[in-house]
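We just call them A, B and C in the order they show up, numbering each chain from 1.
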Amino acid sequence: MGEIDMSNSVQVGAPIDDAVNAARETKFHTRGVQVFYGEKQALFDVDLDVYENEVTALIGPSGCGKSTYLRSLNRMNDTIDICSVKGTIELDGTDIYSNAIDVVHLRARVGMVFQKPNPFPKSIYENIAYGPRIHGIATGKEDIDHIVEESLIKAGLWKEVKDRLEEPGTGLSGGQQQRLCIARAIAVQPEVILMDEPCSALDPIATARIEELIDELRNNFTIVIVTHSMQQAARVSQRTAFFHLGDLVEVGETGKIFTTPKDQRTQDYITGRFG
Amino acid sequence: MTDAVMNDAQSNEQMLRDRANHASDAVKRSLKKRYAAEARFKAYGITAIGIALAAVVILFTTIISSGLPAFTDTTITLNVELKEDVIDPEGTRDPLTLANANYRKIVFDTLLAEMPEVQGRRDKRALTSMLSQGASFQVQQLVTADPSLIGQTVELALPVAADFDLYKKGVINKDTDEADRRVSDKQMAWFDTLEERGIIQTGFNTTFFANADSREPELAGIWGATMGSLFTMLVTLLMSFPIGVCAAVYLEEFAPKNRLTQIIEVNINNLAAVPSIVFGLLGLAVFINFFGLPRSAPLVGGMVLALMTLPTIIIAARAALKAVPPSIREAALGLGASRMQVVTHHVLPLAMPGILTGTIIGMAQALGETAPLLMIGMVAFIVDIPGSVTDPATVLPVQVFLWADSPERAFVARTSAAIMVLLTFLIFMNALAVVLRKKFERRW
Amino acid sequence: MPEEHDHIVTSFDEDLNQLDNLLAEMGGLAEHQFADAIKALVRRDGELAEQVIVNDKRIDAIEENVDQHTISMLALRQPMADDLRVVITALRIASVIERIGDYSKNIAKRTVAITQTPPIGPSRTISRMGTVVQGMIKTVLDAYLQRDADLAQDVRMRDEEVDALHTSLFRELLTYMMEDPRSISACAHLLFVAKNIERIGDHATNIAEHVYFLVHGTLPEETRPKDDQSSYTVIGGED
């Protein structure tokens, strides 16, 4: 028996293509991120990079700050009065909290899908047409029709709803509603999609469909997903970051994190030794 | 397992079983008491509803029964001779002459001719008092509109005076002493004679709905007050709705959560509880005395009522805005909508049914307000139907107040009839609010 | 209240303990089998040898048990990180112990044959080999149950001695066979026995490497020293 050559070992979790591996650009570069809710500090000095065309998963027990971190990436924390964000968060090299970036434009570049599907109480067509309309991405009816169709196809929903675009979005099943919300987010042609526990309100089949969708989407978008389910993070992401009590404990390649984590806290969390 | 262990296990099981049985017995025993308490509670509820319903039924039956008579009026059909020598002796057909002619004489002569057995000045006066003042006015209207009728005899249904109308309806009858009555026995006899001749009719009281106020009950109508109410409501709506909705939107969506906002909120909630007459005083002091706006005008009334309704609308609008789930706002914000767009494209349309309901209820309240309007002078005796918001006017509840105050018996029925009209509007508006709410109720 | 190292779901810990128990039982049986096989060989005890052959079934039964248990744990518990390594290692080690049991059975079979031939010399060397390998088995199983990677590394190093003994035994037996053709039958069997013992030693080092992986998550880097020259040994021939 000679030495074991580990360089070609099988990777657990969604595979990273070699080509992509080599040319990964940094999409989000965050350093020293601290978030306060009034006096209470929720995030302590988080240094994390998110790479382009990759799925990055944020895991951790309840209240560990992963959702808070996610929401600071598209400045949704601005809507909470008592919340203040310190540190550097750069998107493609520009600090998103500086005056150079307009928050409305930022949110068009960085879309968000929420935990509970929240389609507008309008028709399916209008749900998707809203974003492009207000941003002026599409103006004529033909343009908008085209974007609606394209977004629904990309979200894997077109076949199911193409004959009933005028029906209200709220009449779809839970899984379909979530895919509608994803299509809505895609329609604005963002660069990054943030997902806050997108499957936690869905049944296993709907969840599996969305995970498949995420896998397809990462060819064109950068995705950051917060999830409670470690199995989901393991299945869907290429990089995983473990948060605990506001600290970023460990971040690394998903396969390594789930087979040989470096930090004891990470190990204890993923094996279910503490919550 | 040894015997000892088995016994232990068995006794353990027995203990658990006993505990379970004990618990379920306790539950069984308490069930009776609980059901009894529930039944009592239900009974209280039903009693309360019963009392409320009884009160409403009594209120309505009283009002309707006393108001119904006002919906009919009595007329006397006479062949009126439009004598040229009385109306236009010179034959010029000058409109001024025609307007000022002695139509009283014409109608009186007609009636006297109808009952030639009545002689003597006193008796004749007693007979002609049967005719309402409106009778001569009606003939004047007829002639000035169509002078070609002069010289002809026209069959007209002339209004009867209020006292005789009351006699016809049985309100004035022989039960009281003649000295205390307004219609003497003789007058009653003449009236009966005329009735036997078949020229007395009772019909639907269109005067009530077409005329403005008058000193004569038979000529008094609510149209003036209705128009006044309409103009006032219009001003109130135009002022309070936009201001109220915008204030609610600002407080709910844009205001920072600091001390100042809290103070504003507390004050608005308090304003809703301020007695309405205070707003009247405010209106008097500021709008009429300081700004010099016309008294008794629906414009001022509307402004005063707008101030009064504003807190109601703001509170209702805020509740409607709050009821829009934050997930919709987040979804819109996440897509890159600005805060203004979130409010105008998503939140307001979804909150609109609630806002409208609140507005309608506020308007219904304002419709029934009397005290503040009394303060700004909308209590005057207005005989003309107002044509614009600056004409002096009165409103329905004030009209009711005025008539209720009047000593004339005939106004009693009319007061109740006016109340019925007012109630109809209010019920309609509230029903509209309920229908709107049901129709647009959304399940998120 | 569960300690920091215990799983929140206690039945998970129970399952893992059950795995350890099974392996401890299996390992103890295999130790015993090997000791009996060597004893039977040295004492030329045919009856003891027959017992060893029969008892091998018990080891096979436990291995089946371990198989089922680990498969069920993988499906139901989705173990991660160190838990996953525990389960996988248990599966591997059970398979190796079963092989060790089979080799002991083979030694016993050959012993039955050897008892029917006249006794020959090199029982001392075989005895010594047996002792060393026995020690290795015991130590490596202890290392597994205590999750001690350093102890496991010691076992890896000891295989050098087993290899050296095997080489010298090989030479001895060749010499015997050349001197006295009547001993060829017995010596031929003994050659196989020696090989079996040497293989058991190798398997013990396999277990040691699995234990290292269990603890550290990687295989040991240094190659272990091998000194088995028997494959190259020639006596006589072109001398």
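Operating definition for what follows: a residue touches a chain if its C-beta (ideal position, glycine included) is under 8 Å from a C-beta of that chain, and two chains touch if they have at least 3 such contacts.
Keep in mind the model is a prediction, meaning the values are calculated, not measured.
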Computed over C-alpha atoms, the centroid farthest from that of subunit C is that of chain B
Using C-alpha atoms only, the most centrally placed chain is A
Busiest interface, judged by C-beta pairs in contact, is A-B
Distance between the CA centroids of subunit B and subunit C (whole Å) is 103
Whole-Å distance, C-alpha centre of subunit A to that of subunit C, is 51
Note: subunit B sits from subunit A at a C-alpha centroid distance in Å of 59
Counting only contacts in the complex, subunit B reaches subunit A at residues 256-257, 325, 327-338, 341, 345-346, 350, 442, 444
Within their complex, subunit C touches subunit A through residues 2, 4-9, 12, 78-85, 217-219, 221, 223
Residue set of subunit A touching subunit B in the complex reads 74, 76, 79, 81, 104-108, 111-114, 116, 118-121, 130-131, 134-135, 170, 181, 184-185, 188
Counting only contacts in the complex, subunit A reaches subunit C at residues 1-4, 6, 230-231, 234, 258-261, 267-268, 270-275
